[in-house]
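Two complexes, one shared chain (subunit A), two partners (subunit B, subunit C).
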Partner chain A sequence: MEVFDIFLLEAILNGLLLGGLLALLSLGLNLVFGVIDVVWICYAELIMCGMYSVYYLHVQYHWPLALAMLAAIALGALLGLTLHQFVIRPVLRAEPINQLLVTGGVLFFLQAAATLAFGIEFKNLGVTLPSVRLGEMSFSAARLLAFAVALTGMIALYFFLSRTYLGTAIRAISQDRAIMPLMGVSPARIFGITSALGGALAGLAACLLVLQYDVHPAIGLSFGPIVFLICVLGGLGNMLGGFIAAFVFAQFIAVGGFFFHLEWGYVLAFVFFIVVMFWRPQGILGK
Partner chain B sequence: MLSLDRVSAGYGDFQALFGVSLEVNAGEAVAVIGPNGAGKTTLLRVISKLVEPSAGEIRLEGRSLAPVPAHEVVAQGIAHVPENRRLFPRLTVEENLRMGAFSSRGRFHERLEMVYGLFPRLQERRNQAAGTLSGGEQQMCAIGRALMSGPKLLLLDEPSAGLAPVVVQSIFALVRRICAQGYTVLIVEQNIRQVLKVVSRAYLLEAGRIELSGSAQELLGSREIQKAYLGI
Partner chain C sequence: MIGNYPLHLAILVLLWGYIYTSWALMGRLGLVSFGHGAFMGIGAYTVVMLWNHFGLSPWLGGLAALAFTALVALLIGYPCFRFRIVGHYFALVTLALSEVARLVIVALRDQTGGSLGATPNGALREGATISLGALQFSSKEVWLAVVFAFWLGGLWVWRTVDRSMGRLALQAISEEEEAAASVGIHVTRAKLRITLVSALMTCAGGILYAQYQLYVNPDTVSGIAISLQMVFGVIAGGMFVMLGPTVGAAFTLLLAEGLRLAWGNRFPALDSTIYGLMLVLFIIYMPKGILGAALDALRKR
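Presenting the complex of A and B:
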């Protein structure tokens, strides 16, 4: 093999694009965990709901794609808020295992409900974005778009969290929940806003995924575990850690897949995950 | 300004306060002194509604605080510096101050200037994580954060706790300065000798009941206090 291999470079760049998407996927889960201290096991199923809504609004009801996507983001926010108010709030002070179980219950509920409502067929949006050629390399425009949107979304969230009163309160509440009322902040309201934001991020992820993948009721299972592992790898609740972990994980998948076989990329990524867990059980940037 | 009328409160089955009545007038600095576990912290937590009273009434400028939820108390003019300061350790000093102004954002800049004028050290460290400050600086930051809301009444919970003796001196000097600025202050302390030099009146709280009250001079001269607390 030559020292410089154009296809290896292509694999690395594709890994970078995948990393951006995975980083966005892990962002909502990390945000919610970091602030509310609850893991939404059903996070990927919220994304599935978003994908179905883009599909139905665009294909069935002929909404313009952009409008359908905005609606999916709004629906995600609503789902996040609903999940918090009706499922999380009653178990907010319960044992972590109970919190995992209820959100796990929601996972199966959403999956079964989607099967009932939409059937088990794979549904394709029917929008094909061209691929972009760069020399001998080619990249999917959908992936480039996903990368750009994911990056923009993350930067916007960063500025929201660091520059606004509400964002500062969201960071503060994860450090000391009990004294927030002394600052004039209602914790219940911040939790609601955070949940809506987490849901909206799931909606945004859905818009990007539906451009690349068919939607079906079990699609959450194909990326939910990876997203969860990325969050744990980075340090659950640590958004920067999740960001780094997403890119590392994506490189394992892309480059490992290049040298061996696509499935081997995943195997290597998971082995890496297990090794890191032995070395740093709290994750790369976890406390 | 603030009046408590036979206020009782507790946590679950444990009752911490038994019919406590007290009064703080505008512009006055008042202390509640007493031993560990007397209910001093609970008393402040009841006033800022972190703990709901089980009986009795709390009034601020004649209006009952009963219908006011905890997170709206600060907008009513009560700022509470909690026990152990409770800064947000990973936020910067200025972000902590910003949180103090959460319910009065419009006046953030003018109050920030006021707080930095009072504590120039905080301005030097404005971009530093609050968790990296020294104990005394953290107490300044906690008091500054409370002042950011522009309170009518400042509640201070054990400002000298956990600080080195030299720092304790400077914290009391600081509290005296704040009182001199015309703030109405209710301060809870175990460091009785020091706090009685700062305030004009005080109440002695023991096992959840007010056992004694009077001017700071009277309490300093009281046999009971001298024997039990001052070791004279």
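Presenting the complex of A and C:
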């Protein structure tokens, strides 16, 4: 018997790739929470809208894939802005739990509206990227691409937040909501921009997901919960924490799924989450 | 004689009304749980699995399910309350719980039938309409009486809680936890008690649901979708009045059935689309729900 199992290594590396994707998914949610202090429960449903738009623009209207993806990112930004203006703004001063519930209502609405508009069939983009072989292991190119884009996106966001005026204003608002208006920063404007940015990140995630998975109205429920748990595990609003938590979670899913069945990987990850919450309710890197 | 269809609707309204009432016992006191799908799933699946695999009567299976639910509720509740996991965080931890329940049911597919669901073995002999030992009744009138009794029981629990010292303590906790603790309220114990009551009642609702439908499916008795359904049903009806959850159950069911009767199955998700839109509007403009807002309007006149 071999000492080191090559398939276990493959599972671990695949987990790493999945981690990159999950990290990107958690990024937009964390950004919005950090700045506006609202959890978008419907975040995964925004991603679903992005996936549908790539699918329809590319397959139905024969747009080039790259253009369809850019459109999906723009649509995501628009959805994020709309969500903020019409749903979040009216409840900004209400009880925090109402803010959580109102986006839950949006989740319900988007899921049902997608069923109504597009039907419950699974839609496949029909683009298959080849798989990359490395020795005896093989990896899907779509996952490698997602990993690379996720890393690039995160680095770009980091530079945007730390090097530009707007990014500095966003970080300042997230640190002290009361004092920034006195410094000449309009919170309403920053909130709008942040929401658009969060929506655009959802659109970007949609472009990567649609290459790997079929889109259907309930797809949000299949990865939405994981993304929230990752954000909470990392400390809500803490992007670095979310980043680490994404990789931890992905390893649980990949390695747990390797030894047992895929669902058990998820069960392990969720149980791990619950246990960590008891130990550090504010998340691994929370304040 | 009432036709079967209105009877079926009445049973569902009362059954969901009872389950929503159980959830609202906690929810109205600031403990917004997204984990009640787990308790319902435990109730439904424990009973059906024990019956199918070991021939254990649902009466005994029900006891096992309640004991199991109590254990899970304590395992989750105690650390949550002890370590002050509140608000968003409580909602998200319990959300993980309801997904764990769903995934475990799916993962044990050799025993549970996985995503395809499971049917309790039939116990009704030729001509019989009631099998008390197997808790299977083919007559809808019997079911109506059973769920009505449970629904009344749920309201009775609500009223009892309302009149107890415990509610005052919990209300104080939901407003300001530290202040409540400083005047000598045992925060963890008070929260744990109401959580246990609410979880056990929801578990019983799951048992009834499984025995009435004679079919269980991980997606319809557990998981995040069913947990959200409970939360939103209660919000629509009104969280803070005794009959609010029941009004929510009646409203959602009649909306779905009404639209189905009006347009048939041409628009399969139209009811949920309208419902989702209304939920968003409710939470923004009418956070007390239909019944709460109606009572407020009456009081003003």
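Operating definition for what follows: the second predicted complex is superposed on the first by the 286 of 287 C-alpha atoms of A that agree within 3 Å, B and C clash if a C-alpha of one lies under 4 Å from a C-alpha of the other, contacts with A are read in each partner's own complex, and residues count from 1 in each chain.
The rule is short, and it goes like this: a residue touches a chain if its C-beta (ideal position, glycine included) is under 8 Å from a C-beta of that chain, and two chains touch if they have at least 3 such contacts.
Treat the numbers as computed from the prediction; the structure is a model and nothing was measured.
Enquirer: After lining up the shared chain so the two structures overlap, which partner does A:P181 touch, if you call subunit B first and subunit C second: first, second, both or neither?
Expert: The first partner, subunit B, only.
Enquirer: Considering only touches as defined above, state whether A:I97 meets subunit B (first), subunit C (second), both or neither.
Expert: Touch status of A:I97: second partner only.
Enquirer: One more residue to check, A:F270. First (subunit B), second (subunit C), both or neither?
Expert: A:F270: touches subunit C, not subunit B.
Enquirer: Once chain A of both complexes is superposed, is A:V132 in touch with subunit B (first), subunit C (second), both, or neither?
Expert: In the superposition, A:V132 touches no partner, neither subunit B nor subunit C.
Enquirer: Going by the contact rule stated at the top, is it subunit B or subunit C that touches a larger number of residues on subunit A?
Expert: Touched residues of subunit A are more numerous for C.
Enquirer: For A:H261, using the defined touch cut-off, is the partner it touches subunit B, subunit C, both, or neither? Pick first, second, both or neither.
Expert: Only subunit C; A:H261 stays clear of subunit B.
Enquirer: State whether A:L240 touches subunit B only (first), subunit C only (second), both chains, or neither.
Expert: Neither partner.
Enquirer: Okay, in this complex, where on subunit A does subunit B touch?
Expert: 165, 168-169, 171-172, 175-176, 178-187
Enquirer: Could you list, by residue number, the parts of subunit B that touch subunit A in their complex?
Expert: Going by the criterion above, the answer is residues 48-50, 69-75, 79-80, 82, 86, 88-91, 95, 98-100, 102-103, 105, 145, 149.
Enquirer: Residue numbers of subunit A touching subunit C in their complex, please.
Expert: Going through subunit A, the ones touching subunit C are 39, 87, 90-91, 94, 96-98, 100-102, 104-113, 115-116, 120, 217, 221, 224-225, 228-229, 232, 236, 260-261, 263-264, 266-267, 270-271, 273-274, 277-278, 281.
Enquirer: Touching subunit A in the complex: which residues of subunit C?
Expert: 30, 32, 76, 79-80, 83-85, 87-89, 91-93, 95-97, 99-100, 103-104, 106-107, 223-225, 228, 231-232, 235, 267-273, 275-277, 279-280, 282-285, 287
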